[in-house]
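Letters A, B and C mark the chains as written, and numbering starts fresh at 1 in each.
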Amino acid sequence: MKPKLNASNAVAALLCAALVLLPVYSAATGNIFILTLFTRIAIYALAAASLNLIMGYGGMMSFGHAAYLGIGGYAVGILATEGIGSGFIQWPVALAASALFALLIGALSLRTRGVYFIMITLAFAQMAYYVASALSRYGGDDGLTVYKRSDFAGLINLSDRTQFYYLCLGCLFGGLYLIWRIVNSRFGLVVQGVRSNEQRMQAIGFPAYRYRLVCFVIAGTICGLAGALLANNTDFVSPAVMYWTRSGDLMVMVILGGMGSLFGPVVGAIVYLLLEELLSQFTEYSGLILGPVLLLIVLFARGGIMGLLGRMSRG
Amino acid sequence: MYLVVEQLLNGLQFGLLLFLLAAGLTLVFGIMDFVNLAHGSLYMMGAYFAATFVTWTGSFVLGALLALGATLLLGIVLEYVALRHLYGRDHLDQVLATFGLILFFNDAVRLIWGPAGLALSLPAWLTVPVQIIPGVYYPAYRLMIIVVALAVAAMLYLVVMRTRVGMLIRAGASNREMIGALGINIKLLFTLVFGLGAALAGLAGLMQAPILTVQIGMGENILILAFVIIVIGGIGSIRGAFMAAIFVGIIDTMGRAFLPDLLRKVLSGAAASTAAPALSSMLIYLLMAIILVLRPEGLFPAAKR
Amino acid sequence: MADSLAEPLLRVDNLVRRYGGITATDNLSMEVLPGELHAIIGPNGAGKTTLISQLTGQVMPNSGTIRFAGRDVTSLPSYKRSRLGLARSFQITSLLKDFSAIDNVALAAQAHDGHSFRFWGNARKERHLRDTARAALERVGLGKRADIVVSQLSHGEQRELELAVALATKPQLLLLDEPMAGLGVTESARMVALLKELRREVTIVLVEHDMEAVFALADRITVLVYGRVIACGVPDAIRKHEEVKRAYLGEQHAVTRHG
């Protein structure tokens, strides 16, 4: 399948170019704020993209995805507190911990379907939230300050704004590329087939549960990476990052951008966080506008922004 | 022993409050197949309305009644303007739209009432302790919550089990196409059910208001508990919601009250005081996870779909 | 006709499946010989689909055994039975609606080509999967419709695609659950012609309401009523069978009434 020139692909290409050139703009205009804003956007876009892998392609509506943001973040924060500052240790631990958590809750949750799945993933994330709140050695409710960003032996300096931005962007692009390969692979086709019709996939010879579980773990691991980035970005990690409304934010980004479209979550994250930021510039009460906007999008723009673009390019 | 009785009553009271919240949620979920995250916002609005109206009127009862009416009205307007267009849509769309409503309500409240919480004080006649069994006193207000909630539960039971509207509601919860086939004005029925759910949420909020601070986001935590209850109880089942709510209320309250002491017997003091709050907060979620793993459709599935 | 002394490919012994108070499969035993086309008929509610679902493992029996190719498969999950060579087509078409025709078939071929925990290569570019799929599509006459999304295919085409999917798993035994259901006259005739060809390659168990098709195709027929086998034999014997005539008189009325 050759990539076709249509509205959605054009938007995605323009977006990538703009994201890559952003530090140049920031340096030229001295607008540092935009760079920090987009660093955060890139991190959330990565998290949303990982959620899109299970939600959009796998049909698994997880309402606890923010748990991995916290687990990745706490892995970095706790190791830093204990004097292990090397990113070569922190980050693999963050990924492994997220993968393990995903394996555990996935193995149990994937026995349920539909709304029950939504609720059980939420329940597990809430448990993670309360566990983090109880870690009194690591700040408990108040959260944990990360005094020193992950150290990569001089390869890259995470405290340098531009370098850190490119690291986040690189992780985002890497994550998107990985997801794109997975989605088109044998594995990806099976997972999408199971979303479409699980019984049929069983009947032609696929153990659906295993494929869903592996997909669930991959998504959790990618989100764990986003968590490690987030802790470095804010120099802070707290239970609040795992609260269910954060999971809701991630879902909103995915649906807003367009489920099951590779760049949808990126577009969703940009629009959602930018809107939030812009609104907060001129009103203290951004929710008064953002809330109804979400409602209107659901009512009038099915398939999210990418879906809208797709329909436009088809005429 | 007295402590146990008191905590049991507290658990019952909390459970009944949760039932008021869960009943509306499970009806709306069961009948309209609608996931309403904004249900917690209606709870919050009930509390804010109560705090305002009680101050205006100077009467607790009058203020509470006005708040109840206001939440009912708000629910109906909300359903009429926005939510009815989301019936039959994907659950995710509903989650997104009602998540938007949460953002809206939180900031609307902040705009109208300010970011600081409100306190709602009780009239003197509700603050006295009542002797329930010789030697055991219990706050009159909490006792009143139990009585009111039980009365509402009984009324709800009668309406759902004994009336024509109730028959339609039950029919709708087990088989949505059927009420359409009966030629009933479904739109009106749905609006009424949604309004009823909103009023129940508002009632829960306004009754909880004097016990906790009235604040932004108060609906979010309790909403999740209500969801836990309807999932444990089986979606669409009022009876399931009632049992699960009491169960959850008592387990949660007893866990918070006695788990720290229990843990201290097995663990060292420091470890226990770290683990106890987390464990008691987690208890409910743990319970739900276990139930869902063993019974993926809840304890009391309303009916086979 | 197949040699009745041959070792049966599928052998069901004393199968029982209850739903609450209803016994959908009532102490049912039957054999399917290699190479035959074995039809299962019976009035509505005779438990035909329940039987098929137990054979493929979507439904587990309360008791009894199912042996396939000399192996006890009674407690195997459906994906494992599929790998042993037991394929089914569904009564209500249940294809992957948002996938193209060829993707549907290629996935079936993929299911029988080792595990699918391959995360990197583009599965749509794997030559041998695509070739197998294309061949199966050609086989059922859908070669030109390969890239059409299933939801855009006609009902008859979806039925044919069901067959192609089943064929792509290279089954030893093909269970067809009412492949003629909802087809027009021309489409039915095409399906009968297709089955006539396929029966030379693979053993088939056919559940079908279209009696004309069944008597034209079957080597042997098993008749189910209320979950029990009331008769089993060659078409001529079944045609003359008194109990079958009685059971079917009501059914014919029912068919004309509903139809």
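FYI, a contact is a pair of C-beta atoms (placed from the backbone, for glycine too) under 8 Å apart; a residue touches a chain by one contact, two chains touch by 3 or more.
Everything numeric here is computed off the predicted structure, so don't read it as measured data.
Chemist: In graph terms, with chains as vertices and touches as edges, which category applies: line, ring, star, complete, or other?
Modeler: line
Chemist: So which chain ends up closest to the centre of the protein, judged by Cα positions averaged per chain?
Modeler: Most central by this criterion: A.
Chemist: Per the centroid of Cα atoms for each chain, what is the distance between chain B and chain C, given in Å?
Modeler: Whole-Å distance between the two chain centres: 50.
Chemist: With chain centres taken as the means of their Cα atoms, state the distance from chain A to chain B in Å.
Modeler: Each chain's C-alpha centroid was found; their separation is 31 Å.
Chemist: Please tell me the distance, in whole Å, between the geometric centres of chain A and chain C computed from their C-alpha atoms.
Modeler: Taking the average C-alpha coordinate of chain A and of chain C, the gap between them is 44 Å.
Chemist: Going by the contact rule already set, what residues in chain A reach two or more other chains?
Modeler: Residues of chain A never touch two or more of the other chains.
Chemist: What are the residue numbers in chain B that touch two or more other chains?
Modeler: none
Chemist: Quick check on the complex: what are the chain B residues that touch chain A?
Modeler: 29, 35, 37, 82, 85-86, 89, 91-97, 99-108, 110-111, 220, 224, 227-228, 231, 235, 274-275, 277-279, 281-282, 285-286, 288-289, 292-293, 296-298
Chemist: Give the list of chain C residues in touch with chain A in this complex.
Modeler: By the definition above, chain C touches chain A via 56, 58, 77-79, 82-83, 87-88, 90, 94-99, 103, 106-108, 110-112, 116-124, 126, 165, 169.
Chemist: Show me the residue ranges of chain A that touch chain C in the complex, using the header's touch definition.
Modeler: Within the complex, chain A touches chain C at residues 1, 181-182, 184-190, 192-193, 196-197, 199-208, 211, 214.
Chemist: Please output the residues of chain A touching chain B within their complex, sorted ascending.
Modeler: So the residues of chain A touching chain B come out as 55, 61, 63, 108-109, 111-116, 118-120, 122-124, 126-127, 130-131, 133-137, 244-245, 248, 251-252, 255-256, 259, 284-288, 290-295, 297-299, 302.
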